[in-house]
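One structure coming up, written as structure tokens, with questions to follow.
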Amino acid sequence: MRNFGFTTTKSRTIEYEKIDKRLIGYILENEPSFNACLSCGSCTAICSAGNLTSFNIRKLSLQIRLGDLEKTHEEIDKCMLCGKCLLECPRGINTRNVIMLIKKGLTIFEIKDKA
Amino acid sequence: MIDVLIIGGGIAGIETACSLQDLGYETIIVEKEKTIGGHLNDWDTLFPTHRSASEVLAHYTDETRRRALTIYLNTNVISVKKQDDGSFEVHTSRDVVFRSKTVVLASGYRLFNAEKKEEYGYGIYDNVITSADLEKKLKQLNGEFKTPTDKVPEKIAFIHCVGSRDEKSGNHYCSKLCCVTAVKQAIHMKQLCPNANVFCCYMDLRMYGPGFEEMYREAQEKYHVQFIRGRLSEVGENANGTLQLKVEDTLAARPCKIQVDLLVLMVGMEADKSTELFQQSCGLQCAPNRFVKPKDHHIGSNLTNIDGFFTAGACIGPMSVFDTVNHAKAVAFSVRDYLNATK
Amino acid sequence: MNIEGKKQIWNAYQKEIADNDYFYARSCIRQNFFPASEVTFLRILREELYKNIFDDPNHTTCTGIGYHSDIVPFDTIQTVVARQFSLMTQAGLEHMAISCVTSFGIYTEILDLWQHFPEQLEKIREYLYKATKREFNLPKNIAHTSDIIYKFRNEIAEKAKYKLINKQTGEPLNVVEHIGCHYAKMFPTKGVGGAEFPQVLVGMIESWGGNVVDYPERRHCCGFGFRNYLVQANRGYSISNTKKKMESMKPYKPDFIVANCPGCAMFMDKWQYTLAEMEGLTYDENGYGIPVLTYEEMAGLVLGYNPWDLGLQMHQVQCESLLDKMGVEYDPKAKYLDKNGNQMPLPEKPSCLKV
Amino acid sequence: METYFILPFTLGMIFLFIVLFIKYGLWITKLSHIDKLRIVQSFFTRRTWDAIKESFMEGLVHRNMYKRNPLLGYMHMCFAMGWFLLIVFGHVESYMYYGTLAKAPWYPIFFQYYVHDWFPGERFMANLMDFLLLYILSGVLLAYFKRINSKIFGIKKTTKLKPLDRVALISLWFIFPLRLLAESATAALYGNGGFLTNTVGHFFTWIGVTPTMESALWWAYSLSLGFFFVGLPFSRYMHILTEILFIFLRHYGIKLKKQFNSYSRIQVYSCSRCGVCIDVCQMHVANISNNQSVYILKNIRDQNLTDRKLYNCLLCGRCEQACPVRINLNDLRISQRIRATKEYNSDYAFLQTLPVEPPQVVDKTPEVIYFAGCMTHITPGIKKSVLKVLDKAGVSYQFMDKEKGACCGRPLMLAGQYEAAQKLIAYNREKILDSKAPILLVSCPICYKVFRDDYELGQITIKHHSEYFLELAKQGKISLNKSDKSIVYHDPCELGRGCGVYEPPRDLLRMTGNLQTSQQEKVNSLCCSGSLGDMSLSMADRNVIKGETLKVLLKSNPDVLATACPLCKKTFVKGVDVQVKDIAEIVAEAME
């Protein structure tokens, strides 16, 4: 491929039909409470790992919904499963199970981070 | 036997009594407190006009006096029993037993106990107050506004949805009036402390009523109230008594720390304890949110599962002053229809 | 899709187009990259429609590219435009026929400005006079040259030798029409059909037998975007927009693209080559790309002009597939012959795009 | 010729011995070297005697099960004890007649068939053997009833059977009735029976009995024995013998490891599926009845354990507490979780790159290092109270996770993320050791458990605040005012069953108020339902379970519901009107 000194940029448009739904499908099948998220952010604000790193579970879960899985592995590995988010979630989402399902899902579907 | 016994002497109860009197019925009101007016006694101003609450209260006190309404103050209802003839026998903490053809429940609501959201620090940190506390404070305000630790606040945060829309509080529903109250109070605080930074941390802003959205816009444009879309998760206290809030600014997708001098928790409305009493004594049906369940949400919101037992105001769910007044006016017609039909 | 509904909306955007006696303002890009287009336009007007159009050798660029890339100051471009009007006035003409969409946008913008700020017009009159001792009248009518072809589309259709129909199947050709952003997005009332449903090319295509393709990104920019193209580091953004547009039209299998803006025609043509080289992407089934025509070339083909006289050999995406579909007679050997019949050096072949 | 009937029995027994030899041999060889050493070293010590005693009490008498559920215990005892004695006295009888023990096993087993003569003590033995048979038969009758209707045993639900279980079960049901019939037939013919077999023999005589019938019955008896022996190693009855092995190994000091190994397998096979764990499980309240320990062990054996079942457990430890066989049910489940999540443990690389906080300049080494833990940070009332008590008592302390702290690792352990937890443990451990403080104070039992079990902190004493405050009170460093408020105390699972701390909180509460007892407390206390051990329980189900727990706790209408765990507190507080307080808050208030 020829180098012209510039490349096409990836479209930021969410094309719903092209979303990689494997992981989100797996999570929702096994933990339907994840459907109830209203993105209030209390999980992220209270997060023990978020206090130490850039971990943002709310953003990550949105990205997973959009099939944007390029950094999921690296990010999810920051979670310490302490369960504070579980106690804070106003929608009663079983967040710890969601985390474990993300981890397992990444393994099942062999989803790797983009280098 | 009297025509209607009204439980609760708040604005719902008084308005019901007035409307029923206009229709020619004899009523008595049973009120557990030593004065009428209910929660209105505690409020400083009302949204969306910033009108003084005492002005509205005065209207009802005057009406009560002018119409010579029968009111039993300091009286608790102990049980309501439906008789075979369809009438009601109402036992109270006084020795009197009332007999009435109908009962109108106008017992209103109670406020969420903010201590239950322990991570918000109410009852633990001095400078955490509830919206109701703020109203009382504003009502009694004499001179400069100061925080409980006696400081003119430079930063104030209002937290929406405390005890509402929260599985952890056991309240899944929206209290619907806290959003606009927060905006009203935020404006009020800006008027009192023009140099203060005022924040509102919200999940969704529900400005459903007439004038609400305009007020929200005014808070942004004129008063520079800052709205942060994120739900408070944790409050810590700094050595100097200021509070550290942890909230995610979800629109920026970044965790956010705010240091404030005063934290106001917008406590939601919960069903009054008395509804449980009526559940037990006369089988009144309540909805899963513990408020009284209307017989028909659309065309019979004043009716309950018990014939002759009506509701007026916030005992069926969170309700504003003007909705309460309308609901109370409406119940008079429901009562009339019932009494005419059973004559 | 409710075509009727669209047509009704379009009806609100009618535009007055002068009937005759035009002063011609050429386009920098068109005459460089589609060199026969403007000649063809003049030929059609003069030989087919018998119109009077003056092509003044003294007129200049409008400096629009410089203006849109923040090089030429606004007062300067106004003075340049004023000089063109002065030439028009000198020629005794009152109607501008502007070849370039960017220029068209600039003329429109400046006239609108002068209307709202007469003192600015006076200032420019003064500038022009000081610089050149020239004076000018404002044009009575401003038309893009595509407007003029649109106005006379039915006359052209009567004289047509070919139609925009696939000769083998008898089906109308699928045509993607693309309007330059500056044609109607800045002043919707100045474009035929406004910005949302521009009718100028649609009118030509439909009256010449073609079928207009309505695809999701139909109104998306071609990707030129001046600054974004002119700075190399930003070119990725420019080409990404072209890619988005091409990807969107691809499923409709267009037979060719026609544009009224020279920049758009150039970018949609040349970027197809670049995308092919960079990412191996081509947008027709056979790997040749989608031919891109200017509307003058399209009109010339319909009127039966020799494709090589129309300059189609100068395109990046080769047009023979289209010529074959339309049944246009052409001599493949004559493709790279010069005016005198001598063989020109052959262009280098791209590595991905088929020719 | 007619004695060929011993063949099914003999072959079955040989088969059984071979299979057991291979299975047990493999399991024991697969034990770690240290564990094997433990067996050798302890073999000739008191431990063996203790093991024999326990084997007798639990394997035969079923004392623990009897305590939990007398009827169920009796049934198990009938089979185990009765059969054991039948074998023992069979041999005694055979010795009395033949004068030697060196006879092939079918002689004592089918003694009645072989010996029709009178010998000294014959009458007594015949009656004794009949009595034992009757004793077992009463158990068999109960077993029939249990199969038909388990409710009479007070059991909610019994376990489901697979085909080989069914073979073994049916053979077992037939063994003793058939023995009765066979011996009665012989008694009818030869008059050598006891009170039971002779009576039944009279009936046989009445209907007319022939030697062919007698032989057929003995064949049937032997066949049922043979079938049972063949089915045993592949059925739930494997527990009968494995339990004994387990008791011995346990007495030799072998402990369950985090990873599932052959000792775990021995424990799994020791389960008798008595169903006691089903009864004590709180999940029933939420209509969840497929995830109790007995099912999990069965699924492990059958290798069909699903994640949903594996993770749907509060790990409250009630079943482990109740298990008559004393299987380490919690750790077994966690070891399965470790196995299930092995592939995706995090390495927490960020811990290495965290900025090192500047060392706190202190005059002297702090007396305690305080670790609040994640949960305490969302119950600021507890945190504030702990600090207040420490200040008041004049204790110097270092607040380890005041601003930024890593999780203790217990929640990861509960989820099976063992390797990941090790990273957090290493990180925190270094910080704790660096403080040089002699006492690690924690206010969350979840942290407490992992600090105690997995941190290896050497000389440092780990104390929950209830233990530490009690010490402070006893030393007179804090003085507490007793109020007349009635308090009921909820034992957090991790603190109570998890770490065995039952009394210190109660002692403190007695000093501050009027402590009331609850119906189910200490080892039997109920879980609040908030446990991090359960990964998949929905909030709705948690609320249901919590509601039932609260019903028990609030029966006496106490003024205060006290607990000692921030998670229990957060769980109870939602949707309840009673005051829920941590013991730290109660102590802090009582100091004023």
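As written, the chain order gives the labels A, B, C and D, with residue 1 at the start of each chain.
We take it that contacts are C-beta pairs under 8 Å (C-beta built on N, C-alpha and C of every residue); 3 or more make two chains touch, one makes a residue touch a chain.
For clarity, every value in this text was computed on a predicted model and none was experimentally measured.
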Select, from B-D and A-D, the pair of chains that is joined by more C-beta pairs in contact. A-D
When you take the mean of every protein CA atom shown, which chain's own CA mean is nearest to it? A
Which chain's C-alpha centroid is most distant from that of chain B? C
So the centre of each chain is just the mean of its C-alpha atoms; given that, what is the distance between chain B and chain D in Å? 52
Whole-Å distance, C-alpha centre of chain A to that of chain B, is 39
Centre-of-Cα separation between chain D and chain C, whole angstrom: 85
Among the residues of chain D, which ones contact at least 2 other chains? 377-378, 539, 570
Chain B: positions in contact with at least two other chains: 119, 167-168, 233-234
Which chains are in touch, pair by pair? A-B, A-C, A-D, B-D
Where on chain C is chain A touching in the complex? 232-237, 239-240, 243-244, 274-275, 277-280, 351
Give the list of chain A residues in touch with chain C in this complex. 1-9, 11
Which stretch or stretches of chain B touch chain A in the complex? 119, 161, 165-168, 203-204, 229-234, 246-250, 253-256
If we count contacts the way the header does, which residues on chain B are in touch with chain D in the complex? 116, 118-119, 121, 123-125, 167-170, 233-237
Flag every residue of chain D that touches chain A in the complex, lowest number first. 307-308, 311, 341, 343-344, 346-351, 354, 374-375, 377-378, 404-407, 409, 411-412, 415, 417, 424, 530, 532, 535-540, 567, 570
